[in-house]
Amino acid sequence: MLRRTIPMLILASAGLLLIVAKFSPFTVSWQETVLGWFNILAAVAFVLGAGNLLAVNLEQISSRRPGWAYAAITLFAFAVTLVVGMFKVGAVPNGMHPDIHLAGAHDVPQAPFGWIYDYMLVPLTSTMFAMLAFYVASAAFRAFRAKNIEAILLLGTAFIILLSQTAAGMFLTGWIPEDSVFSFLRLDVMKRGITEHVQTAGMRAITIGIALGVAATSLRLIFGIDKSYLSKT
Amino acid sequence: MNDTNRDGSSRGGPNDAGAQPAKRPNTLLWVALAVFGIVGLSLNAFMRPEGMAKRFAVVTTVERVLVEETVPAAVEESPAAVAADPKSTQDPDPRRKWVAPEDAGLAAGTLRRVDGVEPIRWETRESVKASEAELLRSEIKPGGPVRIESSPIDSLGIWVAALLTLFILSFVYRDNPFYKVAESILIGVSAAYWMVVGFWSTIVPQLLGALAPGFVREYAMPSLPASATPGLDAALAFVPLLLGFMLLWRLAPKGGWISVWPIAFVIGTTAGIRLVGAIEADLMRQLVAAMKPLVVFEEGVAASGEAIRMFDFWGSVGSVVGVVGDLSVLTYFFFSVEHKGAVGKTARVGIWFLMISFGSAFGLTVMGRITLLLQRFEFLFTDWLNI
Amino acid sequence: MTTKNTEQTPDGMRGFFVRLGRLDRRWIFLAMGLSIAVPILLKLRFPEVPGPMARATFDSIESLPDGSRVLLSFDFDPASKAELQPMANALVHHCASKGHKIVFMALWPLGKQMADQAIKEVLLEYHGDKYEYGTDYVQLGFKAGNEGVIKVLTTNVAEAYPTDASGAAASGLPLIADVRDLGSFDLVSTVSAGYPGAKEWVQYGRESMKPEARLTSGSTGVQASQLFPYYPAQLNGLLVAVKGAAEYETLVTEKYPVDRNSERLEQGRIRMGPQLVAHLLMIALIVLGNIAMIASRGTQGGAR
Amino acid sequence: MLRIRRVPAMLAALLALVATAPLAALPPDPVDVSAVDRPGDGGAAVFVRWRVPAPDETARAIVERSRTVAEATREGAAETPWILVAEVDPLLGQGDGYLVTGIPNSKGDRHASDEIVFRVAFIGTDGERTPAVEAAPVVARANAFLLDKIPLAIVCVVVSASVLAWILLSRAGWSVKIRRIAALEAIDEAVGRATEMGRSVLFVPGIQDMNDIQTVAGVTILGRVAKTAAEYDAKLEVPTARSIVMTAARETVQSAHFAAGRPETYDESSIRYITDEQFGYVAYVAGRMVREKPAACFYMGAFYAESLVLAENGNAIGAIQVAGTAEASQLPFFVAACDYTLIGEEFYAASAYLSGERDQLGSIKGQDLGKLFAAGAIIVGAILATLASLSPSGPMAGASTAFRAFFGG
């Protein structure tokens, strides 16, 4: 009862409440309140995440399993950033309330927390993101092979778009006059035609499908038809 | 539908191949790399007049003094009583505030220094590149609160950022200790970073701010706005707090099942909000956008000057393609019927539309990805190596 | 470096392409790395021809009467700064040159830093004398809650942002004191890298804006494909990736040139040079990949 | 007698003559000025109505309103008690009236404004302004139900009804046959292969939190995959980027092990939180892939730019990769780099498809019914739009705009 029916009741009532709330100005704000609650819940749940991070890494260090040194680095980096951030170590005092330490700004570059953000977090995250340039190239070489019509359309369109996006596109087909009957052969015209008519149609149909998928999934959850999240213990 | 992606290349990826041969050539490679790196860097450092990774800082000294308004004699509460103990009032006395020593109010006499309270002085530093520092140096008058000085802490930062960038990029060659170090640092720093951001931008203002506004205003966030209904806000704040503890109860050895309640609450609200949101924004809006006229006319001006409507060939072709695309891709998503016969052919057309859409989307994003790597190289070449 | 291959490989031209088909992907990575690093050092640059979407974004701002109130939302973080900061800088310069009153906000926690940078690098650099904090521009900073923030903005701005980024009460700032909801803005422009971003602004923000008000967006190439259905009906202007930034930059700096450190408003065009080389490499890779497949198809009697 | 009775009429005519002659330019004042709260709205909107006695003489109409309590306290309010709302075409006042929006709420009540007085004045053809006529005070109140959301309510009911109807039909025995979805058939094959090769299975539930329906769908698919993994006794690894997702994933995997009858093989530590940061999480997963070399990788949930990093690294280690997301911008990368991809709606149908339960399969048929309605709406809309385009002034034009307006066009 406590493990199955009540959670299902909570889910159904929360879901129906927010569906109805959308239709009256008095209750529209409930959506904001609930989203605010979720943010608080997610922030409180950080403790859970950190707890798990610590547990796993400590266990790896204590059992001296291979790679424990890296777990130590993770814990050290975590501890330093957390302490420096939570207690606003070295924070710049607040202009209007310099006497209140915790009102200061700790995410400025001169404070240690800001330093870690500028010189460690930003380079690491943007370099990981930049790796995509390599993977886009290897995917183009490996996956864009004309094995059947679908693959030909995939790589052909990518080919046109790539050409049209640079000076090469203008160089190859820029000479065809805009208003001539052959203007559709211009790469930028082709690109606009593809992106504004074909791609929008494809994306539009996917979006419509997704909307129906979201609706069906939500209904399955709210009416307790899909109960996989419930523990069967 | 996508068996097409199984290309003929052998399953074993290069990383397998790299592992088989004896360790020797690999260590040789790393040694060569290290030697080349050190020699190159030191050459670069000595040859460049202003050196590598040089950063400067614009340092401004800031001072604040505690003042209070010079209360006119008429007020019955004598100012002397208040001045005796500056921390006496529960929330900071509105008439008392911290201002810069050269504040206009002090000069005009409407504000009076509170004696016995030391002024607070601190420095704000702003890191700038060497080129910007030269520019600013000319504009700053010597002796004033602002000065420019070289900033070793920021130069160290550039070195750390550059090394971490190279450590991550090394993953492109193969998984190696340098990448593992960078990965471990990234996981530790980012987990703590988001916890701190979550704490200071959500828990303090919204949770603690609702439960104990006075305390938060006193010790952490003086400008926390007063809520119109403090009692209700405090009560409402208990709900996420309670749900949070139920979630954390999973860490406890027994009774972890209670965490299903907050999860059910989150899934329920998500389902409710997304159901209506998806139908309103994705379904209805896209249906309207899909209702295109198959025959399109253009407003034009005829020779005789009055406006007439001309048949727009390419516009009509675009609309027809759009509508056909929508319907055929929807057919592809049809679950109840196998893709055979008429439905099969329409679904096939739908897949073609999808493939063109994906090819186009792939092409469009290549530029963005290349920009990202470009920026990392720019950082390495200009900020670090100062080429 | 090349993988051991067990199948027998024909020699001569076809053999070359068959081996090419099984090329170790790290050679491709090396080729991509060089095709970007080398052009930067040689500083290659090419002319830009503004397309319809960049022009529509430009007109959306240009057609507003001077001094209108605009809301700029910085919904990206340093990871996509390379693509989006050039657009943000050009956008701020354009609005400031038209004397628009600018309200800065961010739906991404790191977006606030991006906005601060645009304020420092462009707004105060070129328009510092005419722009005073509180009356001409305001920095509201980051607010957690993703699209929830936009929904709150549609009903009550003061509730979403009781204070500005530095903690000063919003009612004290004349520029936003009488702002009630999104209806009080003549233009809302988001520079967006994903979620929350342009899609959420269209979904939740568009309805409660004035009908004649403009909603434009700058976006990464990835997200652009999702925004095309909204252009031009719901999104009046759309800048796509660095090319959109370069085109919009060209339009803005032609109309409102700047006299000093102009490279802050040329980041888009500077970055388009290496793009050409990298794009040509990608095209070559697709072609070579297919030649290799055709060559290997001959030897194994049909593709597996 | 006759003359006396006629005198007032003559006087009136004389006066009118006199009135118009030197002041010929001043149009007659607005008549029947009234202000009414707009029904069925969220408040802050009022219809201001008036009649124009002499349309040809009146060029413009000026609408002003009194200050609210809050506005009255602002300094400089005393001199300008009336705020200019709009200067519009006088004929707009007829019929429903001119809609005024953006009226600020009163301090005390978030759902109603203070009492506000509207007044209307006309401007003659030569710029002369008539004295303003005031309407009765009005309060812009939020009403119980938003009328403009009725079409949305109808479409929601239609979509929900089609899903629920099919669930009931499936219980009543109707056939719920669903076409083969290649990507979902591949799950058993992928997990089987991992077990054969003695290598692990990696499941990535996306990088968003449980407040994104894609993550919820991803976790439900995890339940099915975990059940298969438990049956094959394959090692399943689930790194998560959110702590709530970790909790939900542990719940689901634990109950999957129970359903497979192997509760003892459930290992909680195989489901762990890494970091909230998108690329910190991807750095871990990419490194983990290259070291552990899982034989099967599943990417089910909300993904952004990191999709290609995961897919290319997975391909480099030779794993079977099955992806599923409703993030349209990432589908091109998954389609290009993975072996199987669930595209948008297929992703949402996956967990129901895998459950095999009649109710869940019924709901997929319900989605199809919804698609039929959508396709029908597009066809009708396109035909109406075409007819409207052919004869813009004909009856069809009105029908087309009305049909589009229903869907919020």
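For clarity, chains are labelled A, B, C and D in written order, and residue numbers in each chain start from 1.
Everything that follows uses one rule, which is that a contact is a pair of C-beta atoms (placed from the backbone, for glycine too) under 8 Å apart; a residue touches a chain by one contact, two chains touch by 3 or more.
Every value quoted in this text rests on a predicted model; they were computed, and no experiment measured them.
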Between B-D and B-C, more C-beta pairs in contact link B-D
Taking each chain's mean CA coordinate, subunit C and subunit D are separated, in whole Å, by 24
Taking each chain's mean CA coordinate, subunit A and subunit B are separated, in whole Å, by 11
Residues in subunit A with touches to at least two other chains are numbered 19, 22, 28-29, 31, 35-36, 38-39, 41-42, 45-49, 53, 94-96, 103, 121-122, 124-126, 128-129, 131-134, 136, 138, 140, 142-145, 147, 154-155, 158-159, 162, 165, 195-196, 199-200, 203-204, 206-210, 212, 214-215, 217-219, 221, 229-231, 233
Subunit B residues touching 2+ other chains are 1, 5-7, 9, 12-14, 168, 171-172, 174, 180, 182-183, 186-187, 189-191, 193-194, 198, 202, 221-223, 247, 250, 260, 262-263, 266-267, 269-271, 274-276, 278-280, 282-283, 285-287, 289-290, 323, 326-327, 330, 333, 354-355, 357-362, 364-367, 369-370, 372-373, 375
Among all residues of subunit C, those touching at least two other chains are 25, 29, 32-33, 36, 79-82, 144, 155, 167-168, 220, 222, 225-226, 229, 243, 275, 278-279, 282, 293, 303
Among line, ring, star, complete and other, the chain touch graph is complete
Contacts from subunit C onto subunit D in the complex sit at residues 25, 79-80, 155-156, 178, 180-181, 183-184, 194-195, 220, 222-223, 225-226
In the complex, subunit A touches subunit C at residues 28-29, 31-32, 35-36, 39, 94-96, 103, 107, 122, 125-126, 129, 133-134, 136-138, 140-142, 144-147, 155, 158-159, 162-163, 165-168, 170, 188, 192, 195-196, 199-200, 203-204, 207
Subunit D residues touching subunit C in their complex are 42, 44, 101-102, 104-105, 110, 208, 278-279, 302, 304-305, 316, 328-330, 332
So, in the complex, the side of subunit C touching subunit A is made of residues 23, 25, 28-29, 31-33, 36, 46-47, 49, 51-52, 77-82, 113, 144-146, 148, 151-152, 155, 166-168, 225-226, 228-229, 243, 272, 275-276, 278-283, 285-286, 288-290, 293, 303
The subunit B residues in contact with subunit D across the complex are 1-3, 5-6, 11-16, 168, 171, 174-175, 179-180, 182-183, 186-187, 189-191, 193-194, 247, 250, 259-260, 262-263, 266-267, 269-271, 274-276, 278-280, 283-285, 287-288, 290-297, 309, 323, 326-327, 330-331, 333-339, 354-355, 357-359, 361-362, 365
